[in-house]
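Chain lettering (A, B and C) follows the sequence in which the chains are written, and residue indices restart at 1 in each chain.
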Amino acid sequence: MLRVSALEKRFGGLAALNDVSFSVAPGQIKSVIGPNGAGKTTLFNLIAGTLSPSAGDIHLDGVSIAGLPAAAIGAAGVARTFQQPRVFASLSILENAMLGGHRFHKGGFLACGLGLRHTRREEEKLRARAEKWLDFAGIQSIKHRNASELPLGQQRYVEIARAMATGAKLILMDEPAAGLDETETKELGEMVRAIRGTGTTVLIIDHHMDFIMSLADEVLVLNFGQWLAEGTPSQIQNSEIVIEAYLGSDDDA
Amino acid sequence: MSILTFIKQDAVHLNTARVALFLTAILLVPVVFGIGYYLNMMIFIAILSLPAMGLSLLSGLSGQLAISHGAFFAIGAYASAILSTNIGINPVLSTLLAQMIVALVAAAIGAVVLRLRSHYLAIATLSFAIIVELVIKEWSGLTGGMQGMLNIPAMGALGREATSDIQYYYIYWPITALLLLFALNLSSSRIGRALRAIREGEPIVDSLGIQAAEYKIGIYIISSVFAGVGGALYAHFVGFVTPATGSIMFAIEIIMVLALGGFDRLWGALVGVVLITLLNEYALGFADYKKIILGVTLIAVMLVFPRGLLPGLIDLARSNKYGRTA
Amino acid sequence: MTSLIVSDLIQIVMTTLTVGSMYALIAVGVSLIYSATGVINFAQGEFVMLSGMTVASLYGSMGWPLTTAIAVALVVVLFYAALLTLLTSILAARISLIGVLIITIGASIATQGIAARIWDSDTHRFAPFSGEDPIRILDATISPQALWIVGVTAICIAGLIWFMRSTMAGKAMRACSLDQAAATMVGIPVKATVLLSFTLSGLLGAVGGILTTPLTTIDANSGMLLAIKGFTAAMLGGMGSIPGALFGALLIAFVETVTVTVGSSAFKELPTFTIIILVLLFLPRGLVGGRNEIGLQHEDLTRQ
């Protein structure tokens, strides 16, 4: 469903990502790993349209999305969660999730200002949709609290509910387990599986090897902006190239 | 389900109920107090509330400050004045047509300056305001130059014109109340929610498939049209316009209104307008004293209550009520 | 014919340099304060107005010696600079930058009102330093005061650049402009440095007021438009850069002079303000390139 071909991103003379190609099958959990500076977050920014590629192409369900503005890519069905959870701190959790479904409704400035009936019906739908995904993410009971009041771990679930409410086909998760303890990481793994259970494809960056290896269907390894290896978790764990690359930077593996 | 819970569930119903109550009270004022000079002041309050509510929409939802609302007030006033005086279009229609002009100018300017933020946006909109003031002063063939325009037709249509303060009172306050309702609805709708989100992080909003830039331009246009309507109503009420109508001082006065009423409260904008109108009416004989009081108050309010005087006082009252821990 | 064109050119160059010097003194002042604090000082023009009005009344009307009048004007401006430091930096430490901009707007209009009460709302001037007789170069006429303006401005700005590069205090100001937190950690007294930036900036404005009042006249409300010109020039050159501010000021003065020469004086200001919108858009770092980063949390009006 996602096909990345010969993708390249240069900042000045430096190649942050160089000739990277891979694809993700629908309904798969695919993980991207690699030492710091391997270009993982750059890859995500390119897919999500925050950055535009220097060369290469990205196809989502056969349609090229490379270089499109972020909003267009979001509307095409790519959602993301960020390395540092980025919730809208001044809005309630419910409102955060409602913004996920926002793009499905058309009520414009005039209709909303006039309070036309259809905008109010839309609002109800938006709310119902948001509540469904809050339920899914297990934070329905605290929906009226301000998002900023939550601990980091729970903000992650707000991001997930918000991303799922966009109706995304593909979710990019950038180090979702960062800062979580063992139990929380396990719960998050269950959540990611549940996301796949809805038919949504997941592309996930993480450093926790145990977490990734038990979760991912396939693993892509990047090193210094280059494609290094790709395969099932067990193939990757036994790959000499990968082990070598990781021995060089033992500390962050 | 009781009526009360029904109202509570829907922001539009709640807003409508509140504004209806407010308008009823306003409309009853002349019935209770009779006709008097205060009506004139109340009409100015209705007019000045419009640019203030417009700016409040912008600053409350997007967190940004524009110094262009005086300019859009002037564009609304001059456009409607020119259309009705020179071309003979009736004032109701010219007021509406003037808003199309305001919206077009706001769209053009918004597309250009809204990529800027914070004090850069403030300075860019200030530059625009200065350009508008210059054009009004210098394009005398159209605008009457420094002398301005006289004999602007009174508000009305189909041969029925408003002639007295009480008539203006009953025409203008419902308009202001309806626009207040519009602003409240917008603020509590999905559009308001999206704008509040945009001010926290445009990239995140984009990632949800929402075109943040369009929303920013949209709210700028709406907010400017509020000022434009105010301008047109002003022109037809007082019957003349001068370059002072769109001066920088007027733009600063609108900011002052928000400093008093709060930068993110539509009802607060109304309170701010009332305060500043009273200040203008009673406290200030000379322009110099007005500048001193305006300037010093602006400084004092920003230093003590950076979110605005009214919200600051409300916070203060709350923390006294619930003690220091609240 | 040829001499006519040459004299036109000389006239344009001299006017550009004279007007540009005035703008430069304000623009450099705006830039200094922005560097040290991130604040855009809307009240910058009031330095010019206060000094011009003080000298006009003491020297022009009351017949004090010029040097005494200038000394008093400088003291007035120094007090004013200290007051602005207090209002914008010390009392307003936790307020958003745009909130501080509003404070400086308040300061500007309050000052206008107070000046109009102390003096009046009429225009004032005093006699030029070296008499009124114009100097003729070819067919161009140049006021001797213009030479004073250009000369003293050049000396002031050269002196300022030397100060910033070569003295400890100047280096401290530059350190503050790069990173206030880091500057605090290495023991630079940040508050004193901010006060210094306001003081220097006020002195530049005062010099401008004293030099140009004989030529351009001054009134209680002159400050605001001058301030706007000043930060237009500063933004044009790139906020925080002294050479940039100088360049921006000369460019604006040139555009204005040419507009007046070939077109009408009525629309003198129009190109200037169109330029600023264009520059903000396409060259947010200015033509020369200065410092231009603002913390996200500082940008929002209704948060602190």
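Note that a residue touches a chain if its C-beta (ideal position, glycine included) is under 8 Å from a C-beta of that chain, and two chains touch if they have at least 3 such contacts.
In this text, all values refer to a predicted model and were calculated from it rather than measured experimentally.
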Chain pair bearing the highest count of C-beta contacts: B-C
Longest centre-to-centre distance from chain B, chain (CA-based): A
Separation of chain B from chain C, taking each centre as the mean of its C-alpha atoms, in whole Å: 33
CA centroid of chain A to CA centroid of chain B, Å: 42
Centre-of-Cα separation between chain C and chain A, whole angstrom: 50
Chain B - residues contacting chain C, complex: 59-60, 63-65, 112-113, 115-120, 122-124, 126-128, 130-131, 134-135, 137-138, 199, 248-249, 252, 255, 259, 263-264, 287-299, 302-303, 306-307
Of chain A, residues touching chain B in the complex: 48-50, 69-76, 79-80, 82, 86, 88-91, 95, 98-100, 102-103, 105, 107-109, 112-115, 119-120, 122-123, 126, 162, 166
Residue ranges of chain B touching chain A (in the complex, touch as defined): 10, 12, 15-16, 181-183, 185-186, 189-194, 196-197, 200-201, 203-212, 218-219, 221-222
For the chain C and chain B complex, residues of the former touching the latter: 40, 87, 91-92, 94-103, 105-114, 116-117, 121, 220, 224, 228, 231-232, 235, 266-267, 269-270, 273-274, 276-277, 280-281, 284, 294, 298-304
